[in-house]
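Naming follows writing order (A, B, C and D), and every chain is counted from residue 1.
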Amino acid sequence: MLAFENDYSEGCHPRILEAFARTNLQSEPGYGTDCFCSEATERIRRACAAPEADVVFLTGGTQTNQVVLDALLKPWEGVVAAETGHVAVHEAGAIEATGHKVLTLPQHDGKLDAGELEAFLAAFWADENHEHMVFPGAVYVSHPTEVGTLYSLAELEALSAVCRARAIPLYLDGARLGYGLAAPGTDVTLPDVARLCDAFYIGGTKVGALCGEAVVFPAGAPAHFTTQVKSHGALVAKGRLLGVQFAELFSPAERGADGAGDGLCAAEDTLYGALGAHAIQMAERLRAVLAAHGCTFFLDSPTNQQFVVLDNDACERLRKQVRVSFWERVDEGHTAVRFATSWATRPEDIEALDAVLGEVLRG
Amino acid sequence: MLAFENDYSEGCHPRILEAFARTNLQSEPGYGTDCFCSEATERIRRACAAPEADVVFLTGGTQTNQVVLDALLKPWEGVVAAETGHVAVHEAGAIEATGHKVLTLPQHDGKLDAGELEAFLAAFWADENHEHMVFPGAVYVSHPTEVGTLYSLAELEALSAVCRARAIPLYLDGARLGYGLAAPGTDVTLPDVARLCDAFYIGGTKVGALCGEAVVFPAGAPAHFTTQVKSHGALVAKGRLLGVQFAELFSPAERGADGAGDGLCAAEDTLYGALGAHAIQMAERLRAVLAAHGCTFFLDSPTNQQFVVLDNDACERLRKQVRVSFWERVDEGHTAVRFATSWATRPEDIEALDAVLGEVLRG
Amino acid sequence: MLAFENDYSEGCHPRILEAFARTNLQSEPGYGTDCFCSEATERIRRACAAPEADVVFLTGGTQTNQVVLDALLKPWEGVVAAETGHVAVHEAGAIEATGHKVLTLPQHDGKLDAGELEAFLAAFWADENHEHMVFPGAVYVSHPTEVGTLYSLAELEALSAVCRARAIPLYLDGARLGYGLAAPGTDVTLPDVARLCDAFYIGGTKVGALCGEAVVFPAGAPAHFTTQVKSHGALVAKGRLLGVQFAELFSPAERGADGAGDGLCAAEDTLYGALGAHAIQMAERLRAVLAAHGCTFFLDSPTNQQFVVLDNDACERLRKQVRVSFWERVDEGHTAVRFATSWATRPEDIEALDAVLGEVLRG
Amino acid sequence: MLAFENDYSEGCHPRILEAFARTNLQSEPGYGTDCFCSEATERIRRACAAPEADVVFLTGGTQTNQVVLDALLKPWEGVVAAETGHVAVHEAGAIEATGHKVLTLPQHDGKLDAGELEAFLAAFWADENHEHMVFPGAVYVSHPTEVGTLYSLAELEALSAVCRARAIPLYLDGARLGYGLAAPGTDVTLPDVARLCDAFYIGGTKVGALCGEAVVFPAGAPAHFTTQVKSHGALVAKGRLLGVQFAELFSPAERGADGAGDGLCAAEDTLYGALGAHAIQMAERLRAVLAAHGCTFFLDSPTNQQFVVLDNDACERLRKQVRVSFWERVDEGHTAVRFATSWATRPEDIEALDAVLGEVLRG
């Protein structure tokens, strides 16, 4: 069975396994105070061009959104998100479980619009009854979005400007950030993200790690953040589990012939950068194959997730040979499905898919 | 520097790294529905002699206590624990963060007394004002306790009987369960735990895994437990991370010469059982060495944690060469410290400690 | 200054003050176990034709919504409401503060549509990812709605049928229920509400009481509801405060010449019924006056709240002489405002308004 | 049946009913912005000698403790209280329901000891693991305590000094403050309370009001406190309900012959002061009667609650004629019960009790 279902179906990049093996018996203190977390922090600061940043490692995306937003929001505040935002729809109410409302705005290809955000914030403060309402206390964006789209630098700058003018933190969910940074045509770099956001995370789980997300606070973490992480059940005893992985992901993609070359480097030169670039190459081939077979794209995504609309019969035939994700029912007779590439996708997987599609779409 | 600080200082048992490598590129679905979680579940059911049990894998101990207790408790209920219970003291309020009170009872070598528990429950129900109080809705015990002690089978049976008579679930925190099951003189087996408790977890993080705890509900998990795990931010996308580890830990300790021998087996024959037994062997040597040097034991622990009282000067000298955990200040001039062995402790570590102690305690 | 701002600007109906005086020194137990709460319960059961109902008295509307919904919802569930529902917009996140999401559907004149509700519920259960989403666990409607509109009996029956087919409780916010029951043309009676809803409250604060809402559970209250009320800080020590008021409000509107006539009676024959009817009479006069002055109605409300659109200058002139509520900005030059009548509105207030409008709207 | 069960069995002082009647039809805005709340605020500021204080009116004691502590505490903090503190025992977990732990210290006649508090705080900060623990973020005391005892001025000053040295707010639960201020021998005045505490409430429900507690923040309320009150379901629409009562309670006890004399005045000259003084007079008579009958006092209380130990038979006979509160079982054969006086207790009630005791205790 071919697997294009998602980007977390395999284990992890082999260099991470090597790093685990290499460091396995080194004795280190717990709770993120180990030397691997320190090394990972230094590497990430360099890749983000954010030398003062606090970096904290957590195990998963929903956990990260929950812990970080709960720490950023005051008790009377909620977080503003697009109506399709992961926090609004697919986290089983993890934000509300901490007492905070998700305040939704319309989505445009999965994105928030800075003008609409400003209008919303202005209307809130102008409302004579706003003391009876949930205060907007942070803004959530995902990049890439849940449908694989990307903010342009100008869009991200506009959102950041709105937030800063009102002293509301901008938080970016980078579950697939590696794929966004490597996308063709994007003008957003990791240092841009660090410059424009008040908090964000660099996703590991979906970009080659066994697990883990690196939360970055460019200007420093919220007060007593370790305790807040602990009280959410999110503090890992063996912090090295995450430190080792992110230290490796942010090491140079190319090691020196002498095994050296472990210096700090820019985001695009890291293993993380290389994994993103690989998945995007595979996505471009995938896209070409899907287009060649006449598939209708559900929307235009420049990243590793590709959405196509199939008639229900073709869809059913396809799913017998290829694992893809059901996305949504488009109409009585058609279904949107998602194909995802990842660091683990091989050229031969795309070729095999090409063959299957020929068979399946012939009808 | 010698490391006896805790049992989570190293990575994981090498067989776990091998298992990761072996399964790495196998494509599997997410969120715990992978084949490794299924295999681990079958192995754990066998080891627990609980064929109907639901088994769920989470990443850490505090997270597990938080998620499971929140799922077991009704909104108007709290959990009863010894005043020294981990949930009462060292989880940064993770239980209260979900809205539940920890109701504390006196500890006896870290343990709850069944008679006192029954008296407490009887008094609650007899109190004319109990509708204005937090209802006791679950009982928490740790085994081994926070100070390394163990319940006898009779004690555990008595607690279980009190709980069942009042239809209150008994939950056992088994962060170090592997070390408890292997302790000399214990008459509590894993099937006993499964028979007497309504929920418990088998700790992986401190017993050889990179991370992970296996929650066992012998008679089935609470309703919509996956969603409850998700809303606590505890659902891992790559469930295989945990499935692979527990499948390996509950595989036979001894593999056949032909690489075979992967059948289901009893707890004591698993790798998990062997790791526990090894740490206990090391703990007995450690204990002998400490005794030989005339150390005063803070309390009598049959498991992998050993607590001794040192005068402050000796303590300071010791901590320059050996990493141990500060436990508590005993009086002006004395300090209790904890030595822990683990699956990773080597005989030569004990020998090296012996030498250091000779030097340090001579004064 | 004329006051048409809302229906809670004055104290309470004089008969309530008399009842307080009459009962003042009678010594009664606390926390709702007094004889007045019992009497009020009996009277409300009769008015609802719900002899088995549990009736609980709370002090305010947001408190009631919070306590009742938190008791009805399981931890993994949220409440479905119209996007304009009070719980969704104007309660400062009181529902989310208890950990539950408000799931919003489109509003139609402030109302939920049964067909859309069913479609939403069906889509939820059909979604392959619904375990990652908030489960719909109760449905919230307000009657009258936030904009003064009413469900027809057929509409309410349709909503109730959808809810019962899926075993989801239907909860009705009756902050202004008295005005809804007395509205011209309505075919919904109090026994209908009790028959079709699983929980609802009869608003006192806005219908003649000093404070208080009577929560009715036609088939019995949730488990340990008193304790749940207490843990929300909503249990009043002097329960008589609420019991006395509701016992009076649900006494006959007309007392016998001999001071007798205190028997149980139907909703429309109670003081509560009479207060509602009075406010509606006043609202009809108000409506006629507004129409006579050529006001444009923002929407068509049959209850005690009337919404009109004024040009901004007229609005400003009006607000110098009459207290009305700002509702919303309609466009650059126009504003919608709300006029409310109540049990306390006098015919001469309407006449005085008539005169003011003549002056103000002349421009 | 004689009623000495508690101090909230009757309605309210007649002057409050008069005040309701006098103000009933005056039209005022909602949510605490009415002129009565303003007047009450001015009167309370004067009585507290705290001209900058923010004063907020809530309906009940548990609600007040919950709302105020949740607003004072950071998410990672808990409140320190005596093990017998109302928040620790008798509020059905209302504090934990907002996510905060109650950290208990030993009680001494119901009181916290400043030295023990300082030792606890010092130990917390000295603990190497304190990041894994709940931070002490506020200190709760009740005055009078749950057993009727009082802090001396020196004790309160010592607690305040400990709190201020560590920048932790001191919060005083004054459910029965009126009775404490009027107690014989107390050297604590209302201005002392305002000077030494960072937040406290002046209880109305148990001191002559129908309902209501006045929260005082001598140096100003927490940010967006109205919204925080609203999100706890505690914001009353008809704020006048509370404003009218506290304006009356803090008016002069003696009105001028000309109906005048409504100026601001010191606490002891207010109606609230007079009600406290009356109950204390009655308590002293009660105490004398109990002593005369040879009753053993459970502890020594100078306020309106008197606790005596009776043998079970006498207790049973007593409860057939007098309503008293069960306090606790002392031993097999004896029970402690509570007698309470209040603003409503009449000399003839004490005389009647005298007669009953003669009969009952004769055996």
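Here is the rule we use: contacts are C-beta pairs under 8 Å (C-beta built on N, C-alpha and C of every residue); 3 or more make two chains touch, one makes a residue touch a chain.
Since this is a predicted model, take the numbers as computed values, not measurements.
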What chain is the most remote from subunit A, judged by the mean position of CA atoms in each chain?
D
Pick the pair from B-C, B-D or A-B whose contact list overlaps the A-C contact list by over half.
B-D
Would you mind pulling out the distance in Å between where the CA atoms of subunit A average out and where those of subunit D do?
52
Whole-Å gap separating subunit C and subunit D, where each centre is the average of the chain's CA atoms:
33
Centroid of subunit B to centroid of subunit D, CA atoms only: how many Å?
44
Touching at least 2 other chains, the residues of subunit B are 76, 91-93, 97, 99, 131-134, 227-228, 230-231, 235
So in the complex, which bits of subunit B are touching subunit A?
1, 3, 5-6, 8-12, 14, 17, 20-21, 23-30, 59-67, 91-94, 97, 205-206, 210-211, 227-228, 230-238, 240-241, 244, 323, 344
Complex contact set, residues of subunit B against subunit C
70-71, 74-76, 99, 131-135, 223-224, 226-228, 230-231, 235
As the complex stands, subunit C meets subunit A at residues 75-76, 78, 89-93, 96-102, 128-129, 131-134, 326
